[in-house]
Structure formats: C-alpha cells, structure tokens
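Shared chain: subunit A. Partners: subunit B in the first complex, subunit C in the second.
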Partner chain A sequence: MANTMSKKEALYAKKVANRKLSGSLEFTTSRLGYQVSAALALVFWFFARKGSVMWMGVAAVYTVAALLQYVICKKIVKEVTGEANAVSPATRKLGWLLLPFVFVGDFFLFIAGCMLIKNNKNLEYQLSVYSTLVSIFIIVVSMLNLFKETQASTFWLGIGLYGLYTVLNLVVMQAVRKYTFGKKPDKKFLPYAYISVAGLALGNVFSFLLGIVALGKYYNKNEEVNVEWIDVIRRLFRNYMACIGMFIVIFLLSVSVASNLTFEYAIAIDNNFRVRLAAPSLMYPFGCDDYGRCVFTRIIFGARISLLVGMISTILPCLVGGMLGAIAGYYGGKIDNMIMRCLDVLAAVPGILLAIAIIAALGVSTVNLILSLSIGGISGYARTVRAQVLGVANQEFVEAAKACGAKDGTIIFRHIIPNSLAPVIVRVTMGMGSAVLSTSSLSYLGIGVEAHIPEWGNILKAGSKFLETNPYIAIFPGIAIIIIVLSFNFFGDGLRDALDPKLK
Partner chain B sequence: MSIKRFKDTFQRMYRNSVYRIWLWVLGFFTVLATYIKYKSLKGKDQFAAIKADLRKELEATDLQEQLLHDAMLQARKKNEYFKKNASEADIEKEAKAIANKNFEQILQDRAQIAAEMQGVREVTMAQAYADLIDNKLFLFASVIVSFPMYIVMVLFQNPISKYATDRIVMMIFVLFGVTWLVFTILYISPMDPALNILGQTATPEQVEQFNRVYGLDQPYLTQLLRAFRNLLTLDLGNSYQGNENIILALSNKFPITLQVTFASMFVSLGIALPAGIISAIKQYSSFDYIAMFIALLGLSIPNFWLGLMLILYFAINLKVLPATFQVGNWLTLIMPAIVLGTGMSASVARMTRSSMLEVKNADYIQTARAKGLPENKVVMKHILGNALIPIVTTIGGQFGGMLGGSSVTEKVFNINGIGSYIVDKQYIPDIPVVLAGVVYISFIISIMNLVIDILYAVIDPRIKSRMKNY
Partner chain C sequence: MKKIIALALAMVMAFSLVACGGGSSKEESELIATNPETIKILAQSSSEANANILRDQLSKAGFTVEMNTVPDSASWRQQREAGNYDIALTGWTTVTGNVDYAVRGIYHSTGNYNYGPILDEKVDQLIDKGAEETAANAAVTYTELENYLVTEMAYTLPIYASMKMMAYNNELLTAEGIFQPKSRPGRWEMYEYVDAANNDTRKLTLTQTSSAVSTLDPIQANDGTMNTLSGNQYIKIINLSDDDEIMTDSSLSHAYAVGEGNATYYFLLRDDVHFAKTENGAAVDTGVLVAADDVVFSLNRAKDKETINTHKTNTLHEHMEKIEIVTDIEELKTVKDSDTGAAIIDTLNAGVEVPVAALTAVDEEVNNAAGTYQVVKVTTKYAFPQVLNYLAHQSAGILHKEQVELYNSKFDGMSYDPNKDICYGDYAQVKGGMTDMLWCSGPYQLIKADDYGIEYEKNPGYMPEDERFAPSIKYLYMKFIKDTTSATSAFRAGEVDILGSVNANDVATVEGDAKNTVLKRSSNGVTYAVFNLLEGSKMTDVNMRKAVLYAINQDDFVAYNNGYVMPVYSTVGTLVETGNVHAQDLVKSNHHLALAQGLVTE
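Up next, the complex of A and B:
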C-alpha cells in the first residue's frame, strides 16, 4: 500500500515538474539547443572521418557547444523544479557564454542564451532577439564568401550596412528592455517602433512584427481588452518549434534581399571549368557542379525563386478561391451550386497533373509555373472558405448586420471574411511548403523553372546525373528543400494551435 | 416489388425540380400521359369546388381589407426605417402584392383543412400517376416505352443506390468539364505538335498534311465535339507520336501502376497505423514526439530526392537493390514502394493521431472502460473504430492519387507507368494522350471518392442513418 502511494506521489511530482519545465522558455530553448548541437556535431564528425581538418574543427566546436548547453540545461532543470522555482541570477549570467556560438552558425544556442540572460521576457523582447539574430546570421553566412578568390564588388558595403543594421537592432533591443513593459509601451519607444516597421523592406518580418505589436499596443484605446492578433502572436511564440520554422523562413527571405549585395551572382551562373565538380571545401562549401558553378551560392540565390514561386502561387489562388468560396457560401442556392460545380471540374484533376497539362500547353517558364500551380490550388481554398462562411453566415451578428441594412459587400468583407480567416491562414502557410515541393518536383522533371535559373529543383536535377561520383551536388539542395518545407510545416502547425479558439 | 413503391418514388422524385427534369427526359411518354390526365382532372374535382366555395366565403368577409391594411402599415414602416422616399402609389402597389400573397396562402391552407375533413385530396401529378398505374395495361405499356425511367426509379428506392446514381451522373458531367478544360488549354497552346514530331525541317506541305490527318485544321468546336464523342464511345483515338492506340497503351501501363500502388499502400499502412495509434494513446510521450517529427519530415521530403538517396545508398554504394524498375522483379519494387509509402504514411499517421485524440476522451470511451473491456479492445474497436472516417478519407484519396500514377517517382525509378507516360508525351504536346491521361486519372479519382463515400455508410452507423433520409 505504502509502495503504491509513494509511486503515485512520484508520478505526481514528475507531472508537476514537467508542467513547470514546459512553461519555462529557458528550458525548452536550451534542451533543443543541446539536442540539435549534438546531432550536428555527430554529422560533422561523420564528415571528418576522412581526416579533413576543417570538418574536425567545426565538429569540435559543436561538441563543445553541445556539452556546454547540456550542463546549463541540467542546471536550469535543477533550479526550476527545485525550491526556488526560478532560474538563479548566477545561471542567467552563463547565458552570455552561449551567444558567441552564433558565429559558427549555431543559432539555437544564441536563442537559448538570449532567453536565459533576461528574466522578464515579453513578446517584444523575443521579437527583437529574433530580429537581431536574422541580421547577425546574414553577416555570418555572407562571411563564408571571404574564403572565395573574389568577392562581389558590393561585398564590404553590404557587410558594413548589415553590421550597422545589427547595431541598430541591438539598440532597439535595449529600448525594448527599457520602455516596453505592462500593457502599453512607453511613448519614447514610438520612434524605435517605426524604425522596426521599416525592417520589412529588408525582409526582416520579425522586426516588422515588433514594430506593429508595439504600435498596436500603444494605440489600443481600451487597455483592459487585449488586441486579438497580438494575442495570437504571443501564443505562437510560446511554441518554440514554430518560432524556429518562422526564423528559417524569414532568414531565407532576408538573405534573398541581402544576397544582392554580399553574394556574387556570376559565381552562381557562369561556367568555370577549372573547378568542375570540385569537392566541398571552405572555398566552395557545397562543392561545384558540372559547369563549375558554386552550389552553395546557387542554393542561396535559389531561395528567392523558391520563396517567390511558393508565396505567389499560394496567395494568388487563396485570393481567387477565397473570393469564389465566400460568394458561394454567402449567397448559397443557385450561385453556390454553379460556382462549386465549376470548381469540381478543377478539383477532379490532381494539382501536379493540371500543372503539367498547363505547362505542356503554354511552355516552360516561371510565370507559367506560377499560373499553373495557382489554378490547381483555387478549388481547395474555395472549399475551405465556403465551409467557414457557411458556418459564420448563419450567426447572429451577420443577421444583425443585415437587419441594420448593411450592403452584401460590407457584410462579406467586414464581418464574414475576418471571422473565417483562421483555417485559411493555416492552409496558406502549409500550402507554401507544398508549393515549394511542387516547384522543385516540376523543375526536376524539366518543366518547372527554366533550366538556367538556379532553382533548387534544377540544381538537384543537375546533381542527379553525377549521383555515383559526386553525390553532394544532389544532397545539399535536397536538404535545403527539406529544411524550408519543414519550416513552413512547423510554422503552420504552430499557427493552427495559436489560432485555435479552444486554447485561448 | 410492389406498385405502391413506384407511386411513392414518383411522388418524391416529382417534388424535386432536378429529378422532375430527369423524369420528363427519361420517361417522356409516361409522364406526358400523366400530365394530360392531371390537366384534365385539375379544376374539375371536389377539391377545386371546395376551394371555390371557400374563396367566395372569404371574399364576403373583411379579411382582404384587413390584410391590405396590415400590409400598408408594413410597407410604410419599412420605407420610413430605411429612409427611402418611395411614392404613395409605389407603397400601395407593394402592399397590394403582399396582401394578395397572404390571402392566397390563407385560402390554400383553409381549403386543405376543409378537404381533409371531407376525405378529399388535391389532384397532383403523383395522384394522377397513381391512378394511371393501377391500370395494368398502362403499367405494361409504360414500362416498355420508358424503361430508363423505371431503372432510375428502382435505383432511387434504395438510399445508397440513389446516392451513388446521383454521384455518378455528377461525375459524368465533371468528366465532360475536365475534357473541355484540358482540351481548351491544349488548344490555345502556342506550341505546334506537328513541328515537334516532324522536326524543324518539315516543309509547310508536310505540316499541313499532318494537321489534316489529325484534324488539327478544323475549328475549335468541331475538335471539341470530337473529343466529347471520343469520351462517349470510350475510343480515345491514337497518339500523334508512334500512332499507338491510347486505350491500349493506358491499359498496358495500368497493371504496373497498380502494382506500385499496392506495394506502397502496404508500406504506408504498415508504418502509419501503428505509429499513429501508439502516438495517440501515449500522447506527449517521447515516442509521440519522435514519430510526429518523423511524420512531418516525411511530409517535407521531396519524393524524388528520397528516391535518389535510396538509389545512392542501396543501389550504388551497397549494391543490394537494383536501381531501376523491371516488370516481374519484386526486388525492384522495394525502393519505389518505400519512397511512395513513407510520403503517404506521414499524412496518414498524423491524421490517425489527431482523429483518435478527438474521440479518446469521449464519454462512450469512458463507458467502454467502465464496463470492464480490456484496454486493447477499447483502443482498437472503440477509439479507432470511431476515428476511422477521416483516416479512410485520407487513405482513399491517396490511393486514388497513386492509381493516377506518381509521375515524379516513376521518372526517378524509370517505371513505365501512367504518370511517366503522360509526362513523356506532354513535351510534344501529344494532345490526345495528355487529354486521355488526365481524363482517365480524374475518372479514377472520382470513382475512388465515390467508393469512399459509400464505404462511410458501411462503417459508420451515424452516416447510414442520415443516408436513410436522403
């Protein structure tokens, strides 16, 4: 009897500890930090097995990182589940040790360090950390070009500008620490908020979010009520995997902007037969393909194509399909029947096949690719929106709007669409991932993006010819595709949880 | 099969405006006879007499003025509230329309009540049909003349077969739609199949000859109608390149695609169902986290890349499996099955987990446990059984998609299936082949969806009971 009691107590204590730990940002970030670092260290040791000094060095640094992070993580576990229920200031100081690892590319440790250093982490602080990380990471990735024989003419200009941008981000972070607390940021924070909003021009969506969250809070008239979309973002940032997904997507977006300055496009497209099929080295991190083009640079420049095609070919059908679905769901009856039967025809053909047929007819080009992927996506979005609108259109507030004599357009755009947006947003995020997949699949078949443009599917297609002798040309672009699609999927999963009204 | 059931079916079908058209089209002579009988009876029966009496009676009272007064009030208030400045005449016109409508409604209601009390029925088409069909000679004649109508009526007596009939008719329309869509897309194509097949050096006469042979010089509508006719006669014509019979080519490639599909379904279900079930039962365990991470990874890996990596490792480095597919060699089927199977298993596992989590805490599961059922029976029968619908949807959708051929994977492993056939022909573009391929695949997918929807009624008693009222 006593034995079962103590067993139960132990189970209960474990549950309490688990709940405390899962609520602690310090723990979740540092756990993932050491796990990923250890996994990467293993991969690098595997590369280093042939005695390459470069890989050995990288592997050693990652091993140190993983061990350090592991020790800190154990300390955090002890302190959080212990009597104090909180991380001690001494442990928080250890967070500074984790920051420099960002310079060897381990951003997990940087995030864990930032989360450890500060005690009160509000949403603005988290956003500014990610925003800073994006700018630092761009510099780190660009610095790989230093090992090349030549750099882009604007290389140092770009590095300088991004260095300044990083400093600016750090200043904003200080401002966040000083001026944002409670429900409303201080008035002094407003200029920083506007600066952050401007970060969107560089593709830094974190900085943009930071700005509009601060502005939204500042201009919120009723302080007792939380702004709903800020709540959604806050819930999203509780899910660490979703944050990582978002970080990778936004980093690729920003690097697409930054690569104009810091990367040399010629290395990605010009033939250079001296280094034909060169193995991976510091100068060419992912090796060179059969025309002697640097695969790493090609992948960096491929990011913009993949993101561009992915985004346009999800947003376009979302707008068209969403509008058709909203009209069908709102009016019902004959209009509904007509629209949905037409869309049934589109839905009957699998997306990739329709894309193949359209490209067969119109010819291979990026515009045709976007068009064909978009047309295939329309019916899916229309159905999602229609189902949502059918649910919302019968609710009281719509009836009230009708009774007040609101026009149909007003009701659809002001009342129904905002209330049926959540599943559409999730679908769009996941859809971008699968659009990237479709793009690369079609490129692999030779009917996607034009063959000379560095797109990930094209790079892979070129690599597949040298699978026996130079497998790395096919491996690295594949990993890039997996990472971006995985990021979109994690982000989408997180968004779905954040938008779920049951979890509010 | 009693005559009464035909009477009921006729009544139900005639009530619906779409089915009414069907009845007229399929059984024109029977329905025409019925209509004539109906028209001859209408207005001369007892119900009409009752209604006429009642109308006189009501017109004598001040009911009409009362209704008009109310309607005027309603119209004025509405005008006032929406701040419209309608003229007095307009308001009166609107009020009169409302009053008349209400009057007719009241009259019809009262007449029906009165008729029911006297045991008289209003004459309807169904009534007329019932009267006619009692005559054995008419029944015999109408079955011969309009047997399609009777076939449909037999199908409509069972809710599931009625549902299937509806869906199949819909599907035929969708297939025509698909044909139209794909044909139009290929028609507006700026590419010239003649030049691609004959080569750039072809003389204009040769090109013209080619176009004449394949009917490409005819106007859009003629070509479209020929495509429709081909669809109806199931003769899809010959391909431009090689001049092979398309139906024959497709049916030669179908067994290969079927083989690959079954093999990868086997792999997919073997991985996905156990993983999903264990993840749902042990939610938030390490197994759950790892399995769901792998599932998400499986969703994110491009099929062709996974295929290339498997070829690299098993065919090139280890030399244990052949890299390309050969018909009849089961070893060559392993890698394509793994590639396609893991991709599918990812979404099936996620769906299994989430739909099982939804029913896991339902009251009836508690009841099942409380009555002392062993845990594995609770899980397999009650939780999984109730969570099956979305899982079957996912699996069925994928099965249909796979039967249509997975072009990319087929290309990687050099499988001579339907997907790679279409991709090979689209470069030209070989219009009849691409058209036939797309229509064939849409057909397969529509049929699969239909089968799944009918399966629902078999596995889910809730849907079965809802279908009874269909």
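Up next, the complex of A and C:
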C-alpha cells in the first residue's frame, strides 16, 4: 500500500517538475542546445575519422559545447524543480560562456545563452536576440569566404556594413532592456523601433517584428486590452521549434540579401576544372561539383532563387484562390457552383504534372516555373477560404454590416476576409515549404531553372551522378532542402497553434 | 550607452579601413573593348554538360550567352530548322570508318546532315576530289579540306572526339571473344563463355538505350536504334576490322580483289552460310544458301532510291554503278589487281584452300570443296576505293530475295504507307508477333521482340563448320534500358553481361569491381557544334565565327570527362593524321570580335 502511494507521489512529483520545466525557456533552449550540439559533434567526429585536422577541430569544439551545455542544463533542471523554483543568478552568469559558440556556427547555444542570461524576458527581448543572431550569423557564414583564393570586391564592405548592423542590433537590445519592460514602451524607444522596422530591407524579419510590436504597443489606445496580433506573436514565440524554423527561414532570406556583397557569384557559376570534385575543405566547405564550382557558394545563392520562387508561387495562388474562394463563399448559389466546379477540374490534375505540362508548352524559364507552380495551387486556397467565409458570412457582425447598408466589397474585404485569414496564413506557410520542394523537383527533372543557375534542385541533380564516389555534392543540397522544408513546417505548426483560439 | 556608441564608431572605422584595402577578384586585361554580343546556344538536355562548358567559356570570353536546352532530338530539330540559334551542339559518328562518310553528309552542300548549311563550292570540290583518290593521296586533300573548313573559314566548331568504352564481366566471358571495333557495331558471333557448359543454356544479356527500333530492314535506317541489331542479323560481303581495316572475317566472302583503276571490285563468296528463320519460337536452318543472286538483289536494293520511299541509306551506295554475277572465269584471269598487278584470280585464290576451278550463277551447283564458286562484281561510277567501307556497313546486309518480295511486292515502293502496308522488316509487325517474316543471313536470328527487349538465337546455318566464326553462345538477349545510368547499375548488379558504353564518370566505379573489365579505345565519334549560316544570321560573318572558335578551350571538355575524350579539329581528324591542333586564344577571339563589330580593321 505504502509502495503504491510513493509510486503515485513520485509520478505526481515528476508531473509537476515536467510542467515547471516546460514553462521554462531556459530549460527548453538549453536542452535542444546540448542535444543538437552532441548530434553535430558525432557527425563531425565521423567526418574526422580519416584524420582531417579541420574536422577534428570542429568536432572537438562541438563536443565541448555539448558538454558545457549539458552541465548547464542539468543545473537549470535542479534549480527550477528545486525549492527556489527559479534559476540562480550564478547559473545565469554561465550563460555568457555559451555566446561565443555562435562563431563556430552553433546558434542554439547562443539562443540558450541569451535566454539564460536575462531573468526577465519579454517578446521584444526575444525578438532582439534573434535579430542580433541573424546579423552575427551572416558575418560568420560570410567569413568562410576568407579561406577562398579571392573574395568578392565588395566583401570587406559587406562585412563592415554587417558588423555595423550587428552593433546596431546590440544597441537596440540595450534599448529594449531599458525601455520596453513597462506596460507600454517608453517614448525614447520610438527611434529604435523605427530603425528596427527598417531592418526588413535587409530581410531581417525579426527586427521588423520587434519594431512593429513596439509601435503597436505604443499606439494602442486601450492599455487594458492586449493587441491581438501581438498576442499571436507572443504565443508563437513560446514554441521554441517554431522559433528555430523562423530563424532558419529568416536567416536564409537575409543571407540572400547579404550575399550580394559578401559572396562572389563567379565562384558559383564559373567552371574551374582545377578543383573538379574537390572534397570538403575550409576553402570549399561543401566541396566542389563536377564543374569545379563551390557547392557552398551555390547553395547560398540557391537560397535566393528557391525562396523567391517558393514565396511568389505560394502567395500568387493564395491571392487569386483567396479572392475566388471569398466570392464563391459569400455569394453562394450559381456563382459558387461555377467557380468551384471550374476549380475542381483544375484540382483533378496532379499539381506537378500540370506544372510539367505548362513548362513543356511555354518553355523553361523562371517566370514560367512560377506560373506553372502557381496555377496548380489556386484551387486549394479557394477551397480553404470558401469554407472559412461560409462560416463567417452568417455571423451577426456581417448581418449588422449588411443592415447598415455596407457594400458587398466592403463587407468581403473589411469584415469577412480579415476574420477568415488564420487558416490561410498557416496554409501559406506550410505551402512555401512544398513550393520550394516542387521548384527543386522540377529543376532536378531538368525543367525548372536553367541547369547552370545555382538552385537547390539543380545542385542536387549535379550531385546525384556522384552519389557513390563523391556523395557530399548531393548530401549538402539535400540537407539544405530538408532543413528549409522542415523549417517552414515547424513555423507553420507554431503559427497554427498561435492562431488557434482554443489554445489561447 | 556612450561607451557602446564609441565602440560602434571604432568598429566602423576599423571596417572601412579594411574595406579600402580589400582586393578585387577582377583582373585587368589588355583586350580591345568590344560591344556585348549575345550568342544563343541550342543543345539537347543529354548534352547539357557540353552546353554548360561552352556557355562558361563563351561568357569568360566576353559574350553574353543565352541557353536553349531542349528535351529531345525532335525539339532540337524543330528549333534548328526555325533558325532559333547561333550555335547548335551535335555529334557525328563515322560508322563506316572512311573519311568520305565523315565529311560528305555534314559539310557537302548536298549532305543530309549539313545543318548550317555550309554552301561553299570549294568544300564540295575538295570532298569530291578526296572520294576518288586512294588513301595516301586523299590524306593530302582531306588535310586541305580541314584547313579550309576550320582554320580558314571556321564553318564548324570542334569540341572533342569521344573514346569508346565498353565493359564486360570477365568471370563470365573470355577476353578473346570480346572485340571492340572503332566504327562498326559489336561482333556477337565472337562472344564466348568462360564455362563452355553455359553455351547452350545461359542467355547472354546485352543492352541498348532505345526500345523504339526504327526498322529491321537494313536500308530503311542508319541509326543507333537498329545499327547493332541489323549488323548482326545480316551478313555483309565484306567487313571492317576493329581498326577499320577491310577484312573478310565473318563476311560472306572468302576473299576480295580490287581491279586495276579502282572501279571494279570482285568478291569470292562462301558456300557455308544459310538463311535462318523462326519457327515455333526457335531458329531453324532454312537450308537456303546465301548466294550471289541474294547479294545482287540486296545491293541493288540498297543503291536504288526508288526501292522504297522510306529509303535512308541510298546515298551511301549511290557510287555503285552495277552489281553482277561473274560466270566467265577468264575475266578473273585477265583483269589485273590494282595492288599487286597480278591477275585477280591469284588474289582470290590466296583466300581459299581449293583454288577456283569453275564459276556458276546457279545456287545448286555451288561447291567450294570441288572448286565451284560464285563471284560477285561491283562496278563503281568512278574510281572510288571507299566503296568497300560502305559495303561493310549494315545497310549493305544481305537479305533473301524471295522473302523480301513476298512482302514488298504487295505495294508500290514509292507509294509505301507505313500505316497501311506491311513491308519486310517492319518492326511494329515483328513486335506484334510476325517473327516468321525475318530470314536472317547473319550469325543470329531474331526469335521474339517486345517493349523490353529482343531475344535472339544463333543461326544454325551460319558457317557451322568454321571454328573461328560460328557463334558459340546459343541464346542472346538485347535488353532495352532507357538511360546509361540505369544500364550501368544493371551491369554492376549482374543483370547485364556486356555494357556497350560506359560514361566517363562511371569508369572508376565499374572498374572498382575486379570482375568487370573496361575496354577503352579511340573512336570516330566527334562532338561538334554547327553555326547558324542561314541568311540574316550574325554567324554568316567569318570573324564572328572565329571569335567563337578561338574562345573554345577543349582542355576543359577533356578534364570534365576525366580524360576519356580527346581534342579534335574536325570529323576528319579521327581518321586522317592532319596535324591540326585547336588552341584557345582569347586575344585572337577578341580581335575577331572587334573585326566583326567593325571596331578595328585588319
């Protein structure tokens, strides 16, 4: 009897501990930190098995990182589940040790460190951490070009500007710590907020979000009520995997902008048979393909076209399909029937086949690729929006708008669409992952982007011929594709949870 | 806060200092500044690698390059005919091993494959002159042709000459039985198993990429889908050796001789080759001798354009004036051999054990052991020694007269409609089950065909007493595998016993297995590019062509193919030692581009 009691008690204690831990950002970030670092360390030790000094060095650093993070994580677990129910200041100081590992590419530790150092973390602080991380990481990745024989003529200019931008981010982070922990941000924070919004020009969406969150809070008239979209972002940032997904997507977006300055395009497309099929080294981190082009540089430049095609070919059908779906759902009857039956016909043709047929008819080019991928997606979005609109159109506020004499257009665009956006946003996010995949698939088949243009599917195709002899040429673009699709999916998942009213 | 700003300023200064000292990757050059010139490259996706290297070199030479990569040969032809290109990548394989074939079709104004088209009287004259000369004299003419064609006029853009690489399973097959001819298709009758017990039971599997066999009538096609098949199904009166020397091995002739003046050719026929046919899914000996009248019929058919409206090979045989059976032995004694000056009969007798005692036109009277032979004489319109190469081509395969007429007499040759009429060798019908249509004179008889492959059985009446040439392996299967990568995998997995062509990038992996042997040799396959010479094209300007020509670096192509291709100057180069070597010269390229744009004068 006593035995069962203690068993139950232990179970209960475990549950309590688990609940405490899952609420602790320090714990979730540091756990993933040591797990990923250990996994990467194993991979690097595997690469180092042939005695490569470079890989051994990297593997050793990651091993240290994993061990350090593991020790810190254990400390956090002990303290959070212990009497104090909180992480001690001494442990928080250890967070500083984790930050430098970002310079060897381990951004998990950087995030964990930042989350550990500060006791009080609001949304703005998190956003400024990620924003800073993006700019630091761009410099770290660009610095790999130093091992190359030549750098782009704008390389140092780019590094300089991004160094400056990182400093700016750190300044904003300080301002965040000073001015944003009240109910609403201090007036002094406004210039920093505007600067942050401008970060969007560099692809740094974190910085942009930071800016508009601060502005949104500042200009919110009713202080007692939280702004809803800010709440959504806050909920989104509670999901660590979604943050990582977002970070990777936004990093690739930013590096697409940064590569204009810090990477040499010639290395990505000019043939250089002296280094044909070269193995990975510091000079060519992912090796060289059969034309002697640096696979790493190609992947960096490939991000640009993959993301561009992926985004446009998701947003385009979303707009067209959304419009058609809204009209069909709102008016119903014959119009609904006509639109939806036409779209059903479109939906009956498998998307990728439709894309192949369109490209075969119009010829191979990036514009045709976007077009062919977009057309196949229309019916899916129309269906989602229509279902949503059907639900919203019967609600009282729409009735009220009608009674007030609002025009149909006003009702659709002012009342119905904003209230049916949530599932569409999630669908778009998830859709981008599969659009990147489709782009790569079509390029792999030789009907996407022209073969010499760096695009992930193209790079993978070039590598597939050498799977047996030089597997790295295919492995790295393959991993890149997997990571970006995973990132979009994690992000989409997080967004779905954040938008779900039941999970508020 | 101030500290941070100070730090930031310090960093900015540091970075800008470094930025100023940053090196540039662009090199300065002493070239003439030219206007940007756009070059459109047309290529099939199968030659994507070549197109990419070409693109790279041209853009490094200062051209703006547009790529037009099309999925198949049909689209390629369509784009080319529409003139939608400046440079089009293509290739040529001289399957007969003689220079005339290497140049007439692609450079002569009447050539079927002269894509540019090159319309230059001097080129035509040189080709016609070379055709009439003996090998030694022709070499000079052909060298002159190459100099004019490439060096002087830059009509063609040489890329590289391929190497022929095949792989076989050395635990299964003997090395002695494997031949790797430079030009002609593989010799099936020579293959032999290491373990002779396999001969009658095990099916030997070969592979080819195309399942869309165009025809099994030798004269109606000359393409990769049927060359090997037709070449082994039908015997020829002469053969090419591995190195393109004329030989009688595995041919219908014991010996041959060239009459004085190089316009008459005599062939002394064997009497131990019978036609085979398919009965109940097995090859049987018809007992019908492959005789002189079949040879006369088949060669007349090959040279006559009017035989059938789908005739594709008459241009190879149009040099023949007359084919006849010699019955008068005195003719052999009076005509002199062009090489030795002795009587023809002496040359012919050197190839047989029993000397020629009598000649006959009647099949039943033939008896080589008793000295009764058949002789076929070919007369050419003018001195044309290269006719022998064409007679060794698969299109000169010997068919059975009555069997062909059984089908082809039912319609008029010039109004033949493939959708309505059934002609001899119609592959769709053979695939549909009409295997009894084919009477094969070669070492192997087709017994079954479908979408996956063709089954062959050895011809029991093919030189059965001749140990050297009688086929030893009874069953053979030609498996269709669409792409070379899959074919390579199938070979490595043991599903295929002989791999006809190995990709340059797969050689190392295939050789990695000790049971595989990869044979490599030079070939007559040349990859080159044609210029758009249609009126209005910028490539009609010789300076523009030269600007492109000098931008080409063949070393890159060699490097890309792991050294398994060779530099080349034109299709002549693989057959005649011309001494021409192409070298990249960007300064010359730039100079010619400036000339083309009128920026400088000579």
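Quick notes
Operating definition for what follows: the second predicted complex is superposed on the first by the 504 of 504 C-alpha atoms of A that agree within 3 Å, B and C clash if a C-alpha of one lies under 4 Å from a C-alpha of the other, contacts with A are read in each partner's own complex, and residues count from 1 in each chain.
Just so it is clear, a contact is a pair of C-beta atoms (placed from the backbone, for glycine too) under 8 Å apart; a residue touches a chain by one contact, two chains touch by 3 or more.
Here the structure is a predicted model, which means the values were calculated and not measured.
Of the two partner chains placed by the overlay, only subunit B lies in contact with A:P350; subunit C stays clear of it. In the superposition on chain A, contact of A:D290 is made with subunit C only, not with subunit B. By the touch criterion defined above, A:I482 lies against subunit B but remains apart from subunit C after alignment on the C-alpha atoms of chain A. Once the two complexes are overlaid on the shared chain, A:A152 sits against subunit C while remaining clear of subunit B. Shared-chain residue A:E468: touches subunit B and subunit C both. Using the contact criterion defined above for the overlaid structures, shared-chain residue A:G105 touches neither subunit B nor subunit C, since it reaches no partner.
In the superposition on chain A, contact of A:S441 is made with subunit B only, not with subunit C. In the superposition on chain A, contact is made by A:C342 with subunit B only, not with subunit C.
For the contact definition in use here, the residues of subunit A common to its subunit B contact set and its subunit C contact set are 360, 447, 468. Across the complex, subunit B meets subunit A through its residues 82, 170, 173-175, 177-178, 180-182, 185-186, 188-191, 296-297, 299-305, 308-309, 311-312, 316, 401, 404, 407-408, 411, 422-423, 426-427, 429, 434, 437-438, 441-442, 445-446.
Chain contact summary for the complex, subunit C toward subunit A: residues 1, 4-5, 7-8, 11-12, 15-16, 18-19, 21-26, 45, 48-49, 52-53, 55-56, 60, 67, 69, 71, 485, 505, 508-509, 555-556, 559-560.
Put simply, subunit A touches subunit B in their complex at residues 341-342, 344-346, 348-350, 352-354, 356-363, 405, 433, 437, 440-441, 444-445, 447, 457, 460, 464, 467-468, 471, 474-475, 478, 481-482, 485-486, 489-490, 493. Considering their complex, residues 150-153, 155-157, 159-161, 163-164, 167-168, 170-171, 174, 264, 266, 269-271, 273, 276, 290-291, 360, 364, 446-447, 450-452, 465-466, 468-469 of subunit A touch subunit C.
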